[in-house]
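Following this line, the structures themselves.
What follows is a pair of complexes built around subunit A, which joins subunit B in one and subunit C in the other.
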Partner chain A sequence: MKKIAIVGYAQNKILASAGALNEVELIMPVVHKIFNNLGISQKEIDFTCSGSCDYLQGAAFAFVEGLSAIQTNPPIKESHVEMDAAWALYESMLKIQMGDADTALIYGFGKSSPGDLDSIISLQMDPYYISPLWPDRISLAALQAQVLLNNNIINKDEIMHAVIESRNNGLNNLNALIQTSITEDEYQKDLVLSSPLRALDCPPISDGASAMIIASEDKAFNFSSNPIWIKGIDHRIETSNLGARNLSSSPSIKSAMKSLDIENTAFDIAEIHTQFSHEYPFLRKLLNLENVPINLSGGPLVGNVMMAAGLDAIGKVYEQLSTNSYKRGLAHATSGPCLQHNMLVSLEKNS
Partner chain B sequence: MNQEDKEKDYFESPIHLEYQYTAGAATTRFLNKVKEGKLVGQECPKCKAVYVPPRGSCPRDGIATNREVELVDQGCIESFTIVHIPIPGNPIVPPYVCAMIRLDGANISFLHLVDGIKLTDIRIGMRVKAVWKPKSEWRHSLENIKWFIPTDEPDVDVTKLRFKPE
Partner chain C sequence: MTKQETLKLQAPFELSYDYKRSSGPIMSKFFEALSKKKILGTKNASGKVFVPAAEFDPNTNEALTEFVEVESTGIIESWSWVANPKPHHLIQSAFAFVLIKFNGADTSMLHMVSECAESDLAKGVKVKPVWSSDPKEMILDIKYFVLEK
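After this line comes the complex of A and B, so read on.
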């Protein structure tokens, strides 16, 4: 296997509404930012892969329109996933492993503000038995939260502290959409949207875009003197039949951990794609991260760009390893209802 | 037993989603001009290619197109097809002509209708000009142009239109 490293990451400031900006106008600034940071252009990129969802924009082939944001002439090798851009990273890694590319640009973008995210997300479910019931994302998350509470896997105090901690960490994140802290009292008085979840337990509607550049060992040092190595990447999915899943555990995360052989790895830092507060204590235990600083960026509760937030978790670990003394980090990305599909990425810095 | 008396072995579950759709900042500038009956493209500051309708970027250079260029409402047919099959919900009665129209001074073409000519006479390179709807019907849409009709000018060799950066 070839060694592959992340050499750059950039993120637009997350907005509650990007207003009239189209996908080109969302993507171009963040792609220019990452190119300028590294002093390179599209010509140095062998493969380009994006992650987005046309249902968010409400425009068919919006992802093709988005390509106008980057330099596509002379023609480029390009692909897209109708998923979070974390999976565009995965496809890019395969492309490099196959020997078809040495460098890749990955970008993810999403505008949740134009539509009704609850309705849109319910369309990702099984189209025969579940989607026609239009279950909204918050009710589905609440279902898992209640299962976890009933089984004493997490408690309400941990859920509350996940929100408070996330808000406090978000104060240090210049790109965060929410930059205010909250008190226990404010949390307790907050409106319950879908029991047991309060409004504060749910991520904000967010618009934005992010970009990342990865390179094989041969090319990584051309871009950065301090590449962050992707030691392992694995993703697993559980059945789309919600009734057949055990929501009190996560077989997909467990098998990804096993496959990456990280069950006993001591990580220095982690960013986990926990869109709802109860997922935070649940995954912290499951991933053996109880004494590890998690979501120093504030995580999805302070800014959750659909189709980019998973890539952001990986990007934030990259940033922490690049700029701090941390050596080893874990990133998690998720997709689907109740943590159905999970990706783990283990990152390491050379000492 | 007639079809309607049969018991259904399926159910219908229509999907309806509402959006606040936005065209984008650059395309909005274009559409505001179209409402006034003007076709305004945007030019790449680097390669000088002119895009109409503009999306706000030059894919050749990967940069924003920030200069507006007013164009004329005539050009030539770069490509065309004759539609014989009716499309449900489309009020236009076949056969009709859909053509890629390359406006003079623009470096890309856009899809529009061509009328005022026998179907057998239509050809690539033919010069055309816009026929606008009455001003009272103008909206933020290229449908303000009813269709394009041929002019009497000689044909253009479209292979010569291929863009060459300066």
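After this line comes the complex of A and C, so read on.
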């Protein structure tokens, strides 16, 4: 297997509403930023892969328009995933392992503000048994929260502290959408949307874009003197049959941990794609991260760009390893209802 | 109005799925039975019963073809109380999304519970379906569930 490293990452400041800016106008600044940071252009990129969701734009093949943000002449090799851009990273890694590329540009973008995200996400579910019931994303997450509470895997105090901690960490993140802390009292008075979840337990509607560049060992040092190595990446999916899943655990995360052999790895830092507060204590325990600083960026609760937030978790670990003394980091990305898909990325820098 | 304007070509633009979706050999049987107020599941080789009827077992990957009828009553496995429904919700007064395990089934089905208070809901509470008076062989042939008293 080739060694592959992250050599650059950039993120737009997350907005509650990008207004009249279209997706191209969201992507272009962040792609230019990452190119300028590295002093390169599209010519140095062998493979380009994006992650987005056509449902958000309400048109089939809407992602194709996103390509207007990058230079595609002379023709480029490119692809797209109808998923979070963390999965575009996964595809790019496969492309490099296959020997088809040595460098890849990955970008993810999402604009949730124009539509009603709750009803849009309902339409992405199983069209036979689930979608006709119009379950919103918050109520589905709440079903898992209730299972975790009933089984004493997490408690309500841990959920509240996940929100408070996330808000406090977000104060240090210049790109965060929400940059205010909250008190226990404010949390307790907050409106319950779908029990047991309050509005504060849910991620804010966010618009934005992020980009990342990865390179094989042969090329990595051309871009950066301090590449951060992707030591392992693993992606597992659970069934779309929601009622057949064991929501009190996560077989997909457990098998990903086993496959990466990280059950006993001491990570210095982690960013986990926990969009709802109850997922934070649940995954912290499951991933053996109880003594590890998690989501120093504030995580999805202070800014959750659909289709970029998973890539952002990986990008934030990259930034922490690049700029701090941390050596080993873990990133997590998810997709689907109740943590159906899970990806783990283990990152490491040379000592 | 000038003559030129009346010659403009016009066509309606209605955003919709203008086709019917086939539900396949397994789910169509489930929906046919549902329209007759019966609940069908599928059974794997070791006897585990999936309700609603599943086409395959996600753990063993075996195709499921053996049907079994289960009771139309069941218990709540999990719930989420929606105090203020949004416009897209089908019930416009406070209700709950629930995972229901039918008596005789080993897996749960997502649906809704209405006509009760939030404090009535707990794991294990018994529920029964309220049937639609106009069945269409779809999941909403059960309008919602109510508490079985």
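Note that the second predicted complex is superposed on the first by the 351 of 351 C-alpha atoms of A that agree within 3 Å, B and C clash if a C-alpha of one lies under 4 Å from a C-alpha of the other, contacts with A are read in each partner's own complex, and residues count from 1 in each chain.
In this section, contacts are C-beta pairs under 8 Å (C-beta built on N, C-alpha and C of every residue); 3 or more make two chains touch, one makes a residue touch a chain.
Small disclaimer: the values here were computed from a predicted structure and weren't measured.
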(message) Is A:S195 touching anything from subunit B or subunit C once the two structures are fitted on A? First, second, both or neither.
(response) second
(request) Could you tell me if A:P114 is touching subunit B, subunit C, both of them or neither one (first, second, both, neither)? (result) first
(request) Considering only touches as defined above, state whether A:V147 meets subunit B (first), subunit C (second), both or neither. (result) second
(message) If we overlay the two complexes on their shared chain A, which of subunit B and subunit C does A:A69 touch? Say first, second, both or neither.
(response) first
(message) After the superposition on A, what does A:A60 contact: first (subunit B), second (subunit C), both or neither?
(response) neither
(message) One more residue to check, A:L94. First (subunit B), second (subunit C), both or neither?
(response) neither
(request) Mind working out whether A:I130 is in touch with subunit B, subunit C, both or neither, as first, second, both or neither? (result) second
(message) Once chain A of both complexes is superposed, is A:N22 in touch with subunit B (first), subunit C (second), both, or neither?
(response) first
(message) Taking the superposition on A as described, I'd like to know which of subunit B and subunit C A:A266 touches: first, second, both or neither.
(response) neither
(message) Can you give me the overlap between the subunit B contact set and the subunit C contact set on subunit A?
(response) 116, 119, 132
(request) Enumerate the contact residues on subunit A facing subunit B in the complex. (result) 19-25, 28, 31-32, 41-42, 55, 57-59, 65, 67-73, 113-116, 119-120, 123, 131-132
(message) If we count contacts the way the header does, which residues on subunit C are in touch with subunit A in the complex?
(response) 21, 23, 27, 31, 50-52, 54, 58, 77-84, 86, 88-90, 97-99, 101, 107-112, 118, 123, 138-140
(message) Which stretch or stretches of subunit B touch subunit A in the complex?
(response) 11, 13, 15, 17-28, 55-57, 59-64
(request) State the interface residues of subunit A toward subunit C in the complex, per the touch definition above. (result) 116, 118-119, 122, 127-130, 132-136, 139-140, 142-147, 150, 192-197, 238-239, 241-244, 247
